[in-house]
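Heads up, there are several structures right after this.
Next come two complexes, and both contain subunit A; in the first it sits with subunit B, in the second with subunit C.
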Partner chain A sequence: MESENVVIIGGVAAGTKAAAKARRENPDLKVTVLTRESYVSYAGCGLPYYIGDVIKEEKELVVKKPKDFLIDYDIEVITGIEALKIAPEEKTVTAKYLSDGAVREFKYDKLVLATGASPFIPPVKGKELGNIVTVRTLTEAFAIKKLFRERKIKKAVVVGGGMIGLEVAENLVHTGIKTTVVELAPHILPPFDQDAARYVEKYLKEKGVEILTGAAVKGFEANSRGEVGAVLVEDSRLEADLAVLSVGVRPNVELARECGIQIGPTGAIAVNSKMEASISNIYAVGDCAENTNLITGRTVWYPMGSTANKTGRVAGINLSGTQTKDRINGVLGTSIIKLFDLNAAKTGLSEREAKSAGYDVVTALVPAPDRAHYYPGSRDIITKLIADRNSRRVLGGQIFGEGVVDKPIDILATAITFGATVDQLAKLDLAYSPPFSTAMSSTIVSANVMLNKLAGKFVGISPLDLKEKMEKGAVLVDVRSTEEYFVRSIPGSINIPLRELASRAGEIDRNSEIILYCRVGLRSYMAFLKLKRMGFEKISMLEGGIIAYPFATE
Partner chain B sequence: MAEIKINARGLQCPGPIVQLFKEAKTCACGDILCIEVTDHGFKKDIASWCKKTNNILLSLDEENGVVKARIKKA
Partner chain C sequence: MESENVVIIGGVAAGTKAAAKARRENPDLKVTVLTRESYVSYAGCGLPYYIGDVIKEEKELVVKKPKDFLIDYDIEVITGIEALKIAPEEKTVTAKYLSDGAVREFKYDKLVLATGASPFIPPVKGKELGNIVTVRTLTEAFAIKKLFRERKIKKAVVVGGGMIGLEVAENLVHTGIKTTVVELAPHILPPFDQDAARYVEKYLKEKGVEILTGAAVKGFEANSRGEVGAVLVEDSRLEADLAVLSVGVRPNVELARECGIQIGPTGAIAVNSKMEASISNIYAVGDCAENTNLITGRTVWYPMGSTANKTGRVAGINLSGTQTKDRINGVLGTSIIKLFDLNAAKTGLSEREAKSAGYDVVTALVPAPDRAHYYPGSRDIITKLIADRNSRRVLGGQIFGEGVVDKPIDILATAITFGATVDQLAKLDLAYSPPFSTAMSSTIVSANVMLNKLAGKFVGISPLDLKEKMEKGAVLVDVRSTEEYFVRSIPGSINIPLRELASRAGEIDRNSEIILYCRVGLRSYMAFLKLKRMGFEKISMLEGGIIAYPFATE
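Coming up: the complex of A and B.
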C-alpha cells in the first residue's frame, strides 16, 4: 500500500508538533511541512527576552532547524514557500516558492492548517513609517536587534498593554530605553480584572514604565529621516524613535475561508474536539483554530503557545490513521507573565467574564506569603478567587505578586478542570515545609476567606470601590499599629489600632459607613467582629488590605 | 557612637518597623541601627520611614532572602 501524504501548512509550534507526533504514531506516513518563514520550530514566546538581551543569541531560540526534522524524524520541511490555494476535492495544496516564484502542487491525504496568527496593525496615519515594528516572528526580532546595534534608541512607545506588549516594554527598559505603554482598554492586561491589572500598573510605574490607559493612538509622525518621530495619542504627542505595535493578533484564516472551510464566531477556524475542520481530512491547530472554554462550553479563541502544542498533538494523533484517537475538551486560558520581579497569572473566568456568563459571582482578594513568612526569601502574593455562589464552584483565579505564583495558579487550573468547589479547595492536601509554602497555603487561605464571605461572616469591599464610598461619606479606619500607619497609609484614613479599638470605638460615628483595613485583612476581620459585637451595623472591610491596594498611598 | 543590632527576622504583622521605632526612640543621635528582616515589604517601608523621620538610610541590601538595612539616627 502506498504511504499516506500528510501536508502541514505552518511550522512554528502547532505545525511542527502535529508533524512530529503524526510521524511517531505512524512511521509510514510521508509528512511535509510548508512554511513561509525561513525559520521553523522557534520559541516565539521568547522574542521579548531576545530583544532585552536576556537571551543573547538567535540560536538559543531555535528549537529545531529544518534539516533536523529530516534527519531526526524523516519529515520534510520546506521553508520560504507560501501556500496559495487548497483544493479539497482534488486534495491538493498549491504553493509558491518565495525565492523564484515557482509554483508547485502538493497532494495530500490529510492536511493540517497551522497558519498561526498575525499582528493586528491599527489603521492609523503613518503606520508604514520606519522603526514601527511588530514582534511576532524571529525575522522581526532580528531586525529590532540590528536597529539597536546601529542606532541609539532613546524613547520607545509600545502600543498595546497586553502580555506581549508589557514583556517588550520591560525588555526595552532593560536596554536603557525610556518606554511608554499606550493601552486603548480601560486597563492594561485586558484579560485580567481591574484590581489585578491596576496593581501591575502601579508596580510598572514604580519601575519607570510610563503607562497610559484608555488612550487611543491616532497616528504616527515622521522625523526628518522619514522614520517615526512621535506617536500621537489622543490630544498629545509622545516623542519616540521606536514604536512597537502589540495590539493583539488576528488568526490567519484566508486560505481556509477561500476553500470553504467554516470560520467560527471568533473569526478563527471552527474545529471539533478532535481538531477537525468542517471539511473532511482537514485539521486546524494552534493560533488559527478556535477553542472551547472548559467552564462555559462557549467557543473562544485563546492564541497561546501552551494550547497550540496540545492541539497540534491531538491532530497529529488523529490524522495518523492508527487506532488511537485523541480529543481536547477545552481550555481555561491559563496564562502567566513576569514583569521585572513581579509575577501575574490567571486561569478560568475573570470576574467580568463570569458575570457576563450569568453566574452569581462572589470574589475574594487575599494576600498571603508564598512560603513561611520567617523563611528567607518569602514574598507576598495576592490571590483573587472567583466562584459561583450557587454551585460554590471555583470559576477562576488571578494571582500576582513578587512571590511564586505559578504553583498556586496551576493548583487552581487543576481544581477548576476537575470541577472543584471552594469547600474542596479549602481542604486540599498540599505540600508544606517552610522553604516551599505555609502550613495553610495561600490557596487554602483564600478559599477559607471566601467561605467566610459566602457564610456572611464579613462584608468585603473591593479597593476599586473605595474611592466612591469615601466620597459618599464612608469613614476609612486603619486598624494597624500607629507605627505602620505612620510609614504608609491610604489617603483619607484615620488610625485606631486594633488593640485600642474597644476603648476608642466612641470616636467613630455609628451612623456613617465604616470601612476597616489593615495590612492583609486579618486584623481588619478581627476589628469587624469586635465592632459588630459592639452593635455597629454599617461596617465592611477593604479586601486585600493595604498590600493589595492598587492606588497611591502616602 | 554605638552600633545597635536588631534581629527582626520572622516578624510579620505588625512587622519589623515597630521594632525599629522602639530602638530608634532610645538610641542617641549618630548611632547606627543595623536591622535584619525577612519581611520583604520592609524594603519599601524603611525608605519611607527614613524620609519621614529624617534618619539616614546608609545601606539597604538583600542577601539570601534576608533584607539588611543600616540607618544612622539623625
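Coming up: the complex of A and C.
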C-alpha cells in the first residue's frame, strides 16, 4: 500500500500535536507540517512570562525544533512557507516560500488546518506606528524583549484588559515600566462576572497597574522618531513609548473559507466532534476551529492552549485511521490567570452567560481558606458558584484570591462535566490534610452555603448592589468584633458585634432594610438567624463578607 | 412546644460540627456536648505539625473553646465528663465527672455518638513504660512537645508506617531526633500499592528516616528511670528514648454496643446514609461510625477528618427536623500526606483493592510535570491510574512526587464520584496557564497513556516486576541520551539512544525479552513502536520510566 500523505498547516500547539499523534498512531503515514513562522511547537502561553523575565531563556519556550521532528518523529516541518490555496477536488495545497517566493504544491490524502488565530488590530489612526506591538508569536516576543534590553521603554499602555493583556501588564510592571491598561468593556476580564473582575481590578491597582475601564482607544500619536508617543483614550492622552495591542484574537479562516469549507456562527471553522471540517478528509484543530459548550450545547469559540492540544490529538488519531474514532464532545472554557500573587479562574457559565442561556440562576459568593488556617501559607480564596435553581445543577464557577484556585476550579470543571448538582458537590470526598486543604474544603463550603440559600435560610445581596441599597436607606451592620471593625470596615457601616447583638438590637431601626456583614459570612449568618428570631423582617447579608468586597474600605 | 434536648457525646470534629449545625438549623433546640477531654473542637490532623514546630502555638490548633460555644452558639459544652451508659428506652445518658466522680443523668430527645477512635496499643511487653506515647489527643501532643523542650530525646522509634506515623516521623526528624519507623506490613503506607509506597520509602530514607518493613515489634525494654530504653524488633534491639505508637486506631463503640446499638462488620457503629444508628433517635458520626465505599457499595471504615465533618453536618441537619433529610451516599477514602517536600495521595480503590473486588484491573504509571516545564518551580509527579478494563471506569488513583498532587487527586476523586471512564477523563477541560499546569495536564496525560494501553498499543511492565524479569534474562534498554544514561541509570541496563535505535537494533538479541525505558515513557513508547515495526516481538516498556522507579539507581 502506498503511504498516505498528511499535510498539516500550522506548527504551534494543535498542529504539532496532530502531527506527532498521527505519526505514533500510524508509522506508514507521510506527515508534513507547513508553517509561515520561523519557530514551531513553542509555548505561546509562556510568552508574557518570557517578556517579564520570569522565563529567562528563549530556548525554554521552544519545545521542539523542526530538525527534532524529522529525527524523532520522521515528520517533515517546513518553516517560512505560506499556504495560499487549498484545492479539495485535487487534494492539493499550494504554498509559497517566504524567502524566495517559490511556489510549491503539496498533495494530501488528509489535511489538517491548524492555522490558529491572529490579534485583532483596532482600526484606529496611528496603529502602524513603531513600538505598537502584539504578543502572539515568539518572533514578536523576541522583539519586545529586545526593546526592554535597550532600556528605552518607560511608559506602556496595554490596550485590552483580557487575560493576555493583564499578564503582559503584570510583566511590564515587573520590568519597571509604568503601565496603564485600557479596556473598552465595563470591567477587565470580560468573560468573568463583575464581582470577580472588580476584585481583581482593585488588587491590580494596589500593585501599581493603572486601569481604565469602559474606555475606548481613539488612536495613537507619533513621537519625533515615528514611534508611538501617546495613546488617545476617550478625551485624554496617555503618554507611552510602547503600546501593546491585546484586544482579542480572530481565527485565521481565510484559506478555509476560500476553498468552500463551512465557517460557523462564531467566525471560526465549523467542525464536528471528530474535528472534521465540512469537506471530507479535512480537519480543523486548535484556535481556528469552533467548539461546543458542554453545558448549553451551543457553538462557541474558546481559543485556548489546553483545547488546542486536545483537538490536535483527536484529529491525529482520527486521520490515521487505525482505531475507533476519537471525539471531543464539548468544552467548558476553563481558564486561569496569575497576576502578581493573585490567582483568578473561571469554568462553565458566568452568571451573565447562564442568565442569557435561560437558566433560573442562583449564585453564592463564599470566601474560605485554601488550607488549614493554622498551617503556614494559608490564604483566603473566594468562590463564586453559579447554579440552576430548578435542576440544582452547577453551571459555573469563578474562584479568585491569593490562595490556591487552580485546584478548586478543576474540581468544579470536573463536577460540571458530569452534571453535578450542588448537593453532590457538597458531598465530594476530597483530600484533606492541613498543608493542602481544610477539613471542609472551599468547594464543599461554597456548596453548603448555596444549599442554605436554595433552602431559603438566608437572603444574600451582592457587593455590587450594596451602594445602591445604602443610598436608599439600608443600614449596614458589621457584626465583627470592635477591634476588627477599627482595622478595616466598609464605609457607612455601624458596628454591633455578634455577641452584643441580642442586647443591642434595639439600636437598629426595625423599619429599615438591614444588611449584615462580617469577615466571610459565618457570623453574619448567625446574626441573620438571631435577628429573624427576634422578629426583624427586612434583613439580608452581604455575600462574601468584607473579604470579597471589591471596592474601597476604610 | 417544649424545646428538644440534643445530647452529643464527643467534642472534636464530628461532634462539634453536629452541634453547631443543629443549632443553626433550629434555634429552639437545647444542645449539650459531653466530652471526656479537656479540649474541644481542636484540629486533630494538625497535631504532627504542632509536634514538629511547623505550628508554633497551641492556641492555633484549638478552633473554639467551650465558652465560645456557649456565647456564640448557645451550646453547652461539658468537658472532663465520661459517658457511662445509654438507656435508649428512657432516652438518657448517664455520665460521670472525671474531677470528682459525681454522676449525672442527661435526658435526650436526639443523641449523637461522636465518640471517635482510639489508638490501638499492641499487646506486647513493656508497653506501659514511660515515654511510650500515642498522638491522638491535644493533651498527648502537649506532653510530647514538653519532652522535646526539655531536650531529652535523642532517638525515637515510631511503631507503624501509616500516614500519622510517617507524619510524626518527619516532624521528629525536623526537631533533630534520629528516627526509625517500624512497619509490620510489607511496605509503609499500607493502603497504597507497593509501587507508590516503595517510592515514598526510598524518598524518606534519602531524607534520613530509617525504615524497617515487614518487621514486628516484640516488646519494649526499660532504661534505669523506668522509661523506654529500647524497642525489640524481630531479633534485634533498637535503642530509643521515645517510642510513638501509631499502629492504627479502633473505633470507640463500647457505649453503643452495651446499649444494643448494632456494630457493623468493620467494628464501627453501623449507620444508614442519614447517619442514623440502629436504635431510633440515635446518630453516629465521625470516626466511630461506618462508611460506604462509593465504588463497591461495600461497608468500610475510613476514620478521616474530612468525612467526620461531613457526617457531623448530616446528623446536625437530620436531627433538627427542619428540612428534607440530608444524606451521604458514600466516600472514596481520599487521603493525602506531605512528607518533607514529597506529597502522596490516594483516592478510590488501590490496584489490590480493585482486584479483590473482582474487577478486571488495568493500571498505568505515568510521570508528568505539575506545571509548564519551563515555569519556575515545575516538578514531576507520578500518577498511578487504576481502571476496570470492561467498563473503562476509573476505579482509583495514587499520585506522588515533589510537585502538586492535591489538585490531580481531587480531580480524580470528583471524576470517580460521577463514574467517569478513562475516555472521559482524557477530555476534561482543566484550567491551563504555565504557572498552574501543562496544556495537557498530568490527569489527561495519564488517561491518554491508559487509553493507549487499553487499545493494546504497548505492553507495559511494573517496576516491581523488573528485577525478576531481568534475572530471567530480559534485556533492559535505556533509550535516553548517553549523557542522561551516565548521570543516572537503572542497574544492569544498556544504553541505545532512541535516535540510534534504527541503526543499532542489531545489537539487541531478538530472542530475548526486551524491556525499554526512558525518563518518563514517551521515548520508550517511540522505541517500542520502532522495534515492533522492525519485527521485534518480545518487547515491553518499563512504566513510569526512571522517574517512577522506586529502587536504587546508579
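Please note the rule applied: the second predicted complex is superposed on the first by the 553 of 554 C-alpha atoms of A that agree within 3 Å, B and C clash if a C-alpha of one lies under 4 Å from a C-alpha of the other, contacts with A are read in each partner's own complex, and residues count from 1 in each chain.
Simple rule for what comes next: a residue touches a chain if its C-beta (ideal position, glycine included) is under 8 Å from a C-beta of that chain, and two chains touch if they have at least 3 such contacts.
A quick note: this is a predicted structure, and the numbers were derived from the prediction, not measured.
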Partner chain in contact with A:V40 - subunit B first, subunit C second, else both or neither: neither
Contacts of A:V54 with subunit B and subunit C, given as first, second, both or neither: second
When both partners are placed on the shared chain, which of subunit B and subunit C touches more of subunit A: C
Contacts of A:L113 with subunit B and subunit C, given as first, second, both or neither: neither
Partner chain in contact with A:A230 - subunit B first, subunit C second, else both or neither: neither
Which of subunit B and subunit C A:Y375 touches, first, second, both or neither: both
Contacts of A:C288 with subunit B and subunit C, given as first, second, both or neither: neither
First, second, both or neither for A:V487, with subunit B first and subunit C second: first
Doubly contacted subunit A residues - partners subunit C and subunit B: 373-376
Residues of subunit C that touch subunit A when the two form their complex: 13, 24, 27, 43, 45-46, 49, 54-55, 60-61, 71-73, 294, 304-310, 313, 323, 328-329, 331-338, 343, 345, 347, 372-376, 404, 406-407, 409-411, 413-415, 417-420, 424, 427-437, 439-441, 444, 448, 455, 498-499, 525-526, 529-530, 533
Complex interface listing, subunit B residues touching subunit A: 9-10, 12-15, 17-18, 20-21, 38-41, 44-45, 48-49, 52, 64-66
List of subunit A residues in touch with subunit B within their complex: 369, 373-380, 402, 480-481, 483-484, 486-488, 518-520, 522-523, 547
